[in-house]
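Order of writing sets the chain letters: A, B, C, D, E, F, G, H, I, J, K and L. Residues in each chain are counted from 1.
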């Protein structure tokens, strides 16, 4: 790990099932273009409500990935 | 949405199953008297323990709803 | 002021013009039912965007008012 | 406790004596209309000053109470 | 909204007029390359001073936009 | 409860299933040596990623337990 | 800028017009005695209310200025 | 209050008796040179310990006072 | 003090009298097993309520003490 | 500076030597593709440990750079 | 890593040289009794001053280590 | 220490070498006019960048010193 550099991006995933699934959706989408995703930290969680029921769970995540060097 | 006004209240729901279900319980209870609940933001989560097992999951939420105008 | 008690409520006002006007809208609406509003503290500000332009400014406020005693 | 729901309100009490008495004043006033108050968390404390002496101690509290169900 | 994924970026806009105009400048610039900007949350505001007068207002924003899926 | 004293320790549990199960794992492990665990407050949640999928959910908790007196 | 030292002071300005004008008032007042004010960071904003209308906007700022050396 | 400007300073008072007395000590000392002290906000409280007993209570305060204009 | 190492533990004391006494109770209990307690920082304060009266004051503290070296 | 717009990205650099060197590594890597980097704010610092020794220092930074306009 | 449990402790190390060395001192001391220390997160840094010179650098760290199971 | 009062001021020091040296520079400058500086707490650290290299390290500190009484 010495001297490696990581970038952190912030994502919001949503799901009708759970905050875990919302996080997984965000990560699946990010993995389409970014490789080597390593760790996701939960920043916040919220939910939308419709007719007194939870409609969607949303998880805001900071996800880090290694930057390949050009050296 | 222009010029509408929302009020925010803070609730704690609990459940023996999950933090998602604890949130749903808080929202179900609030919906009995408040309509047009829109969004719930998780403030914090905790749990109570009995005999080394989680007894209840608790989710503290800020829930917003539209104030009907008197104009 | 000695021994008086205040309650604090949380409101979100919105406006197409400015965060000041959004705050005023929230306070005007609250004043319809609550008297003796005294101070409003800004919790957060955000905005909604449409076609690359700001559509509404929103100001989240904590507003305090004196509770009349029943003594 | 399973599946019960609590509401949280924010109050400011004041006293010429101490922050403890300021908290008690807020709770006494709230107990006139709300039953089953359970826990009060201190959010912040401040004081007003007159002629170089503390005039009033003020304690801002979040107080929780159980919502009776309509089920 | 179910299962959609949003990305959040952080921008600082500046203006000689107001924090509202500073926010609009940041959003106008971001809209040149990003579509479907939805919400901007104010992170912080500051200002630069010259000869005892405010020279520029600056608004730091987190702006979210929907990621198009590749599915 | 009057005059009792509690100690608070910080734990991280992990699970391949959910943040609830990660919390339960931390508490099960702590219960092997500590009795009278009472309440666990979630400090933060994160996750590790492998090949674009969530590998482990991790829940960081502050757990309190009563100190037996020596009086 | 190398090796220069700045001091930071905290001010609250008020205005009947806007939070921008409240900040400008604080800075104008500070400039009467302090030169080389550089940057002001907004710490918080609040407002006072009278008869359901905003009476004054208040902006709390941290303002930095260079300390002249005695070397 | 319109257009007045306040300065905020940070003080730590200490006392062998209580956090209230520690705050009063800080304010008494500040009043020797500053007039029109208005409000003190508690930033933090701590204490020093000697031989298992509390030796001093310390209260850190932000105290505001009006700046007289030179206009 | 050079090169010494301190450990910090988190405690909650309670008292029917005051937050000062609650802190003292936590420290008295900790001093039974730990020597050289030095400083206690207040993390938070809360209270429990019974029949509209404060039943117990609780003070959460971080307490530091010197680790004796094995060198 | 009037009306210019900045983007902020978050990076983690690491080094076996110091947090300063860790920050420099992150900035060197970012400078390969981004020009006009201006300011880096430290968000957090941590370290990894191996056999009781610090293996790597890591500095998490928010780095800002000017967005070139397309006007 | 699945289902492993970590404990987190808080330490303050000090050094006359640097915050890096202060952190190393805390970790060296903790390693005498705890094995498998993994990660240390900086909570805060401060310093003591004597005769206008920095006497000691102090680094407050949260250090995590794996709990061996008893299963 | 009983009943003594401390004032806290906020400073930013800078250095081309390290955050330690930046802190030392701020303290050296403050010591020219203030005696009995005791403790400095790091509030934040940042850096300026030129041509992809760190130009200056900056350390923001809160420094406390004892107020001599006039009693």
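Keep this in mind: a residue touches a chain if its C-beta (ideal position, glycine included) is under 8 Å from a C-beta of that chain, and two chains touch if they have at least 3 such contacts.
Predicted model only: the values in this text are computed from it and were never measured.
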{"item": "Common touching chains of chain K and chain I", "value": "F"}
{"item": "Mutual neighbours - chains that touch chain F and chain G alike", "value": "none"}
{"item": "From chain C, the most remote chain by mean C-alpha position", "value": "K"}
{"item": "Chain pair repeating I-K, as identified from A-F, B-D or D-H when over half of the contact pairs by residue number coincide", "value": "B-D"}
{"item": "Rotation in the CA alignment of chain B with chain D, degrees, nearest 5", "value": "120"}
{"item": "Farthest chain relative to chain L (centres taken as mean CA coordinates)", "value": "B"}
{"item": "Separation of chain C from chain F, taking each centre as the mean of its C-alpha atoms, in whole Å", "value": "38"}
{"item": "Junction residues of chain G - those touching two or more other chains", "value": "9, 18-19, 48"}
{"item": "Chain pairs that touch, as defined at the top of this document", "value": "A-B, A-E, A-F, A-J, B-C, B-D, B-F, C-D, C-E, C-G, D-H, D-I, E-G, E-J, F-I, F-K, G-H, G-L, H-I, H-L, I-K, J-K, J-L, K-L"}
{"item": "Contact footprint of chain F on chain K as seen in their complex", "value": "1-10, 62, 64, 67, 69-70"}
{"item": "Residue ranges of chain G touching chain H (in the complex, touch as defined)", "value": "9-16, 25-26, 29-30, 32, 48, 55-56, 60"}
{"item": "Chain E contact footprint on chain G (complex, rising order)", "value": "18-20, 23-24, 27-28, 31, 37-42, 63"}
{"item": "Chain D contact footprint on chain I (complex, rising order)", "value": "18-19, 44-49, 51-54, 57"}
